[in-house]
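For clarity, chains are labelled A, B, C and D in written order, and residue numbers in each chain start from 1.
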């Protein structure tokens, strides 16, 4: 893993400087690798990808992309540096057509380079080509997710950050999206993904991290994490119930 | 010496009348966060209502009921409050910008009514010969003005004390909570629409009171007494003094009115008389600069908001 | 008479539409109601007046009328320069006032500041030019009859130019990269930013387009009516009415809203005394807020 | 006694085509201390918002002590006896802690404009009583030292306690707590847990959304698990940990 493309080390980040959500999180992603971050609610998974995407201020630690520090780079500069980010919700422009959404993806590119990339996007996602001039808000959930992915891929990023790409999708569509994600890695892209659907996501991943309360808890090969017997306890707690006095009935 | 004194009296009468309007605006903006861009319109409604109620009877013009001055002021408040209710019901549920647009619109519309509905308002000539309540009791202009200053002081004092009391009551506390966080207030059982409407109507009624006081002092009312610049002046007074603070509101009124009259005096000495419009514009530019500069550099005004607990609870 | 009012309504509606496009863009992208927007119309109209005087001083012939129109190439060139100058002023105002308040102060403070800025701009113009009206040209025009309606050649020009500008703007918004980015920022600034759009640049573009449209609308108003320092002030309500009617943020809504406002104003004189005409936009605003606050074409929120 | 304190039936809230809450049904008994858990995006906070009147339900009923409260605006739901707190506290920042709490009781006669002029003595009497009660509750919540401070100066944990105090003074039939422990430091968390347990022992009913599973498992008697807008489990903490559907909700299904 010494040749990792993305290397986040000891990242401290949050919305308010006095109460960070991440208390020193580290993670690495190599080229052609799918890495999934899982963990219970409030663990800081989304905050980590947002910090890498320049949307959450990083107050300590470092985030390096191919050796260059990118922490606290303004979000709109990151696509030009090879980082794409797909948020969990509202990740397409509903009032724009499918093609215009792809044009947004070309924002960091020189004007002339774009056209060829659009062809490639339509080749990769034929369903989008069929709906080229439709407004994005009429697309189905799965199609939207594909459009969001296609848009993020237009500038041919080195690293793609996905925040819960299967949220709200039917299981069959979710599996399709995850297969697409696997396909991205096959093209040499580094994928860092946050997923609620831990087992399915780990199923297409090379490695995984488990975060709990803003700290690294487990890491390792995806299959090992999925098989880890402690995983249930990570999500559902392990402390035994406390005995308390019984309440006075009927009051209140 | 008497010249200076009589000018000072005259100055204070006007400054305090405007101060009353600023108190009304402070209830709306300072304590409730409602943007009223039509202050001059609500003052005009009050001014005309008072003139119609207390003025002498005339042919071809409505009103002339020759009622006592106090009734005129009460009518001024009621009329301005009613106008506010109409606008408020339409806009208070919606995005706050819409209240700004709608109040701006009602001020323009009121001015049109004043200009065009001659039967009610006397049109461009306005309504003249409004009896000054102080004139019946005092001889000579100075004594009359001093007496009227007493009336205005009483009115401003009542408004100040009354508002001071009400903003520290449970009613005012709830108002402030709605200004701070409407959703939280609603989920704590408060009805934001009702309270906002009450504050908007009450604030506008106080502006109507200021309009009535103004008309009683100068003895006539015309559409040109309540120009849009008046709204700006009153806004600037509130921002300079410090919104959400009634002492600040009155201080701002006196201070900004002093700046306005002094600058008017200087400009009139410097600018040739045939360029009157331009000198007025220069004054307006000063007010505009003052307003923008305060917003940029001292948004809390000279005296900021005070922390106060319910008046029954102070240590 | 009715048709004449319709013709006049479409004409003033066209000018209102041009002005309202900029207003609706600022309300959507900058997210505040800019009461100073209509003063940009005044600014544009008066700066074109200055440029016309400048060109005429260079070469008297530039002022000569083009065909049946009342004005010459001097005004055309002056309008272009006025558009640029007004855009520069808008950018300056943003830099000095609005940008400093954006994000820090509550958004009503921006509305507030826009009131102060409007007062400043209006009175600076009043100081410079005085209260008396100006005209771009003293040429007399002969009205032409189109069916039952009498129109001036200038008025036909105004309509034609407005139509061309709206089409150009439509092409800009759908074809150009910046236009698509503007629509993206209007819908979802955060997603636009993470897609690599420089939102600050889009904000500048919004000012430039809004101010240029305002300047052209101001020149057209000056051409068909007259130049007065209160030109913009008297248009505040019509512009807001057009923007709110069209559904805040909708370009085509603003255009149609402008036409509705122009037509209602001009047709209103058939039912109410003409002195009340300026209140018509206010009544439209109240009606739309009562019954359809999302505007005629907006989606309910 | 047959009537549950809170009964939710077939509650559905859609945003566009997305069903954030999908035919959710459950009951909460008087004196309960129940938890509502589930993965992110399961619809827990939307459920709270819909039950407490901030969102209008698209379908379904909510009954509080037998009375229908679905579709009522938030302030009427509150008046009917349901208080809630927010995940991110929503204090009135420019008001003191005491004012924040005194604000709350419904039906204060001084909230009516005219009563302050027509019945000042009643208003004063009520205010004095209100203040005493507020002081007691603030003291109970451990905020005595900051009673006169503006709410914006409080720490995140203190704000959580303030939210609790504001809910308590209304003496609601049930309190909905949205993530009471989020962003609270361990010391204050102990206090918070203590207070909730003590209140529950006195008979107050609670429904709690919480992410800190250790806390939930130790605090609450009954646990309801929500996933994809639906309730998929209701029962003991131990049972939840062993329930395969619950594990699936958290860890996802294994793809075919």
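The definition used in the following text is that a contact is a pair of C-beta atoms (placed from the backbone, for glycine too) under 8 Å apart; a residue touches a chain by one contact, two chains touch by 3 or more.
Given the structure is predicted, the values throughout are model-derived calculations rather than measurements.
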item	value
Mutual neighbours - chains that touch subunit B and subunit C alike	none
Chain separated most widely from subunit A, comparing mean CA positions	B
Between A-D and A-C, the pair joined by more C-beta contacts	A-D
Mean-CA-position distance for subunit C and subunit A (Å)	44
Separation of mean Cα positions, subunit D and subunit C [Å, integer]	50
Gap in Å, rounded to a whole number, between the CA centres of subunit D and subunit A	32
Centre-to-centre distance between subunit B and subunit A (centres being mean Cα positions), rounded to whole Å	56
Set of all touching chain pairs, with the criterion as stated earlier	A-C, A-D, B-C, B-D
Subunit B-facing residues of subunit D, complex	52-54, 73-75, 77-79, 83-84, 86, 90-96, 98-100, 102-104, 106, 108-113, 116, 123-124, 126-128, 131, 148, 150, 166, 170
Subunit A-facing residues of subunit D, complex	1, 5, 17-18, 30-31, 33, 39-41, 156, 173-174, 179, 182-183, 197, 200-205, 211-214, 216-219, 236-238, 240-241, 246-247, 250-256
Complex contact set, residues of subunit B against subunit D	165-166, 169-171, 173-174, 176-177, 180-181, 183-192, 198, 202, 305, 307, 309-310, 312-313
Complex interface listing, subunit B residues touching subunit C	33, 35, 37, 87, 90-91, 94, 96-98, 100-102, 104-106, 108-109, 112-113, 115-116, 228-229, 232, 235, 239, 275, 277-278, 280-282, 284-285, 287-289, 291-292, 295-296, 299
Subunit D-touching residues of subunit A, taken from the complex the two chains share	19, 38, 40-42, 88, 141, 164, 167-168, 171, 175, 178, 195-201, 203, 231-233, 235-242, 244-245, 247-252
